[in-house]
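Below: a set of structures, written as structure tokens.
Both complexes below contain chain A, partnered by chain B and then by chain C.
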Partner chain A sequence: MKLSHICKTFYPDSPKEIKALKDINLSFEKGEFTTLSGESGSGKTTLLNIIGGLDAATSGKIFFEGEEISAYSEEKMAKLRLNHIGFIFQAYNLIQVLTVRENIGFIMRLLKFDEVAINARILELASILQIEDILDKLPSELSGGQQQRVAVARAVASRPKLILADEPTANLDSKNSERLMQMLRTLNEKEQVTVIFASHDRYVLEQSKRVIVLSDGAVVEDH
Partner chain B sequence: MYKIAQHLAWLSIWRRKTRSLMVIMMIGLSLGGLLGLQGLYDGMISHLINTTIRSDSGEISVYAKEYRLQKSLDYRLLAISKYEEVFSKIEGIDAYSIRLEQEGLIATAHKSLGAILKGIYLDQEQNFGQLSSFTIQGEYSFGKENTGSLIGSALAKKLNLSLGSRVIFTAQDASGEINSISFRITGILKTGNPSIDDSSVFVSIEQMSKFLNLQQSATQLALRVKDSKQIRIIQKELQTLFGDVDVLRWDELYPLLIQMQELINIFNLASYAIVFIVAALGIFGVMLVSVLERMREFSIMLAIGTPYKMVRDQILLEASFLGFIGYMAGAFLGWLLLWYMSTVGIDMRSFEAGLELYGYSAVMYANMHLYYFVQAFFAVFFATLLSVIWPLLKLKKIKPIQIIQGKTV
Partner chain C sequence: MLLSLAFRNIVKSKARSIITLLLSTVTTAFFIVYVAFTDGSHFGFIKSSVEIYTGYAHVNLNGYRDEGGYDNLIEDAGSIDAILKNDVSIKSYSQRFETYALLSGDEKAVGGLVAGIVPSREKSLSKLHESRIKGEYLEDNDTNQIYIGSELAKRLKVNVGDQIAMVGSSIDYSFAAELFKVKGIFKTGLFEFDSQSAFVNKSYLDTVMLSENIASYFTLYFHDNNAIDKMTAHLQTSLPSEVEVVNWRILLSALVQAMLVDSIFNYISISIFFLVIFFVIMIFSYVNIYTRAREIGLLRALGLTSKDIFGMLFIEIVLLATASVVVGTLIGASVAYYYELHPIVISGIAETYKEYGVISDEIPMNFDLFTITWNALTIFILNLAAILYPISKINKLTAMEAMRYV
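This part shows the complex of A and B:
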């Protein structure tokens, strides 16, 4: 994954113009466990959305496995997300009418995985994320920590190449944040899945192998 | 993929039971009521047409040219047996009635009024339209000497007549002489056809012929046809056979009935528009609220790569399901209403005074046709489709990520 000269301007050419990202050049390797850090308003979410194809850059190019995806159509982008990218949002990630089991299986079913494989994968992830005993509950019956672990399970279930997580711990207490990050780290090591966070949470930063610090839309640190 | 959409749609309906039930009831009740009304109006107009055909016009009537304008015996049908012979030869003719009528003055000791005296054969009329079933007082008979009379109920009331009363009828005979005839009332008829009830008196055709100094004459020959699809064919056939006479269908003789029928059709159409709007608004409201309420959920689904098509199918299926169950409920309710109103009927006696004027009888029966239900199905179907277009357009327009971040709703 490579970003080249990415700029994002909101309300261009108007008095309200905001330059959220200024000439970002970054590349991510397979198996990375990286956090985009920085103060609130520094551009973390904007950058993550552009990486995930949920928002378009104003200028610059994005390459995914060597292919330029910045000019993809909406439909092609949706397909790419479905096939290769897992998302974890800050909260309310789950489909309310589906059980935990069905939520985890959702993307695999969209991708027409074999039912036996789906069920095996659900059990495997449930064990890693310690959600075996809530598989038949509905999202509304779960705590925030449980919901986020289910969201992680759904995001990684189909073994996407990239997981993007925007402030996944923002609504969790410290104990649950730590637990979630440990589990994500385990998955990252076990399955070699690439994970990119946008977060300034202590627990996220502690677990990260690489931290990229943004300030006012530009990369100021990368270590 | 479709299966997932189906599953989601089903769960969404099931998990929002109260709201789903409300839409279903809204569609069901309005549709059921409408089907009931449609059948009732149809039944009323058919009844009216039926009464008119039975008590007067038949499906086809034959008159001498000019008679209907001049109402004069100069324009009468002669050599009736010749016509009767033709009628008996035409397969499609079920029954016929020979009538000889003349306008004149009917008088009691206290009052006199313009009226029409009609000479008929009782057995012929019975065969023709079961005239006896309209008898509300006395009996369907002209008495032992064949000199009695049956009088329209409204006319009897106006003249304050009761069974056994004696009246005098005065009119011109065939040669222009003014004659009078006197007879007793043996029965009172109420047909629902105002032209009979308000102004007609029936006597035996033999009496009438004697009174008018005529033989083998009639002013009207009314026919009943076995199959209503044959009316026009038989009309044409008779016209060619008889040549220079008027052979007219009931709808040519009573154009008002056709106008009423058309009016009822327009009314029914307007009612459909209302149901259409009610159903559309019902589903629209529910779908809009339930889509807006789940905007975040749909956004998440779209963000993680769910094709728009699947979300669209889910919403379409939800709406179709609600529409279909609503339709089934409405069709069942409508069928129940129509079944009751077409077999048991509605007793209108309490409203009779008002309705009498228009010729309705005491018990009204509804019609029931398959096409009511087909029409209703399409009305609900299109209402359903229409109601999801806006929510779907809204969903298509949004940027999922903005909803997820709570920037816009």
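This part shows the complex of A and C:
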């Protein structure tokens, strides 16, 4: 994935104008385990949302596997997300009316995977993420840590090429944070999934192979 | 998947679903009952007007309706009678002879309609017998007995047992005069009819007017008066070409026009009802959908397209509307059916109703499956239409905007 001269301005041409991102130029290779870091308001979540097509850049271009996607329509972008991008949100964002099993298989079903393959994948992920015993529960019956693991399972179930995780450890204690990161690291290594975090959690930064630091909407460090 | 998600959303959001169901069920039931009531009153009004005296159809000589008079009478009533007698679609019929004459009491004289009727047959063709308020109805062997309207009795200042002199013209235009004794007085509630009409046994009147085997027209009821156009067209084929069959819509064209105006007001009130219901459902749906903006944003973020979101929300309303319209229709149709069989009786207003030509104080509902189905379908479509705007609005938000929507 390549970002070229990405800018994002909220409330343009108004007294409330905020330049959230300023001329961002970045490339992400397949299999990366990268964290976008920075203080609150530095623009890391905004950048993550733009990478995932949840928000549009004010200017600049985004390329995914060599194809420019910044001009995609909302429908085309939705299909791209469905087929290639998995999301892990800070607030878990599980579908409340579906059980854990159905949440994990949700995207695979939208992609019309074979039911046998869906069930096998659910069991495989449940085993890796140690959530076998809660598969038939509703999200409202789970703890924060359990919900986040389900969110991870949902994000990786269809084997997307890219996983975007926004502050995935923000609502977890240190033990659950460690467990989550280990799982994502394992998935990254086993399945060659590209993972990009937006986080200022020290533990997430330590686990990352690459850290991009943003400040006031600009990249100030990339190592 | 969308169907499952829609169904789960309905089950999960019980309060929201129950309110939507109730709103739509009550609307459907109310609408069906309202239409059944207005149609019922409408048909009741027409039925009363038709059944008081006119009848559902007339058989008369061509030109009789336009010119009247003695030049357009059926001169061989027996042959027409034979044809009508053999027609299985006809439930009952009778011939009438009508003339205008001067009627005089002891003090006053007024012009009026004098009609020769077959009293026994008229019982199943008009409300003359049921409208009697004083004295007796006519018999088939009556001679110089007369049965007059209440207003006419007032104008002539006569009562039961009093004598009335009739002066008129027989069909050969010779002078015809006779003395009649008032046998009974009727009141239909139709002022003009009650103030101008008098009835005599036809066989006796024929001797006075020299109108034996002559009729102004035949009045008749079909077995299926609802299919009046088909019935009259069919009957016309078996009658001589100089005779025409005219149905009540033409005979009572002024009433039909009045009903049309009434229908227009009904349509206006129904349109206002639709508009109110449409906006109530739309505003309720709008609020409902926007309280789910975050959930919708999440689904968009996960890869559902706006078409998928439309599909999911549409399936939800289709499921809710189907359930509520079915229940509402069953309730509404049951009420309409019950009150068609057991009309609402508002006792004490019969007299008031009579002023409008309705001689019954019963207000029946009209149970008609086609109308009910059509009404139910209308509410169903209204439900679906009302959600289109809220869905289109929420779909205009990006996934992130929807997730952040407060």
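Keep in mind that, in the parts below, the second predicted complex is superposed on the first by the 222 of 223 C-alpha atoms of A that agree within 3 Å, B and C clash if a C-alpha of one lies under 4 Å from a C-alpha of the other, contacts with A are read in each partner's own complex, and residues count from 1 in each chain.
Quick note on the criterion: a residue touches a chain if its C-beta (ideal position, glycine included) is under 8 Å from a C-beta of that chain, and two chains touch if they have at least 3 such contacts.
Keep in mind that what you see is a predicted model, and the values were worked out from it rather than measured.
Aligning the two structures on chain A places chain B and chain C in clashing positions.
Residue contacts after overlaying the shared chain place A:Y72 against neither chain B nor chain C. Of the two partner chains, neither chain B nor chain C is touched by A:F28.
In the superposition on chain A, contact of A:T45 is made with chain B only, not with chain C. In the superposed model, A:F63 lies in contact with neither chain B nor chain C.
Contact with both chain B and chain C is seen for A:V97 once the two complexes are overlaid on the shared chain.
Contacts of A:R81 after superposition on the shared chain: both chain B and chain C are touched. Touch criterion met: A:L54 reaches chain B and chain C at once. Touch criterion not met for A:F113: it reaches neither chain B nor chain C.
Clashing C-alpha atoms with chain C appear in just one stretch of chain B from the list 145-153, 181-189 or 235-243: 235-243.
Taken together, the two complexes place residues 49, 54-55, 75, 78-79, 81-83, 85, 87, 89, 93, 95-98, 106-107, 109-110, 154 of chain A in contact with chain B and also with chain C. Touching chain C in their complex are the following residues of chain A: 49, 52, 54-56, 74-75, 78-79, 81-83, 85, 87, 89, 93, 95-98, 106-107, 109-110, 154. By the touch criterion stated above, chain A contacts chain B in their complex at residues 45, 49, 54-55, 75, 78-83, 85-87, 89, 92-98, 106-107, 109-110, 154-155. On chain B, the positions that touch chain A within their shared complex are 1, 4, 8, 11-12, 15, 294, 296-297, 300-308, 310, 399-401, 404-405. By the touch rule above, chain C contacts chain A in their complex via residues 1, 5, 8-9, 11-12, 295, 298-308, 398-400, 403.
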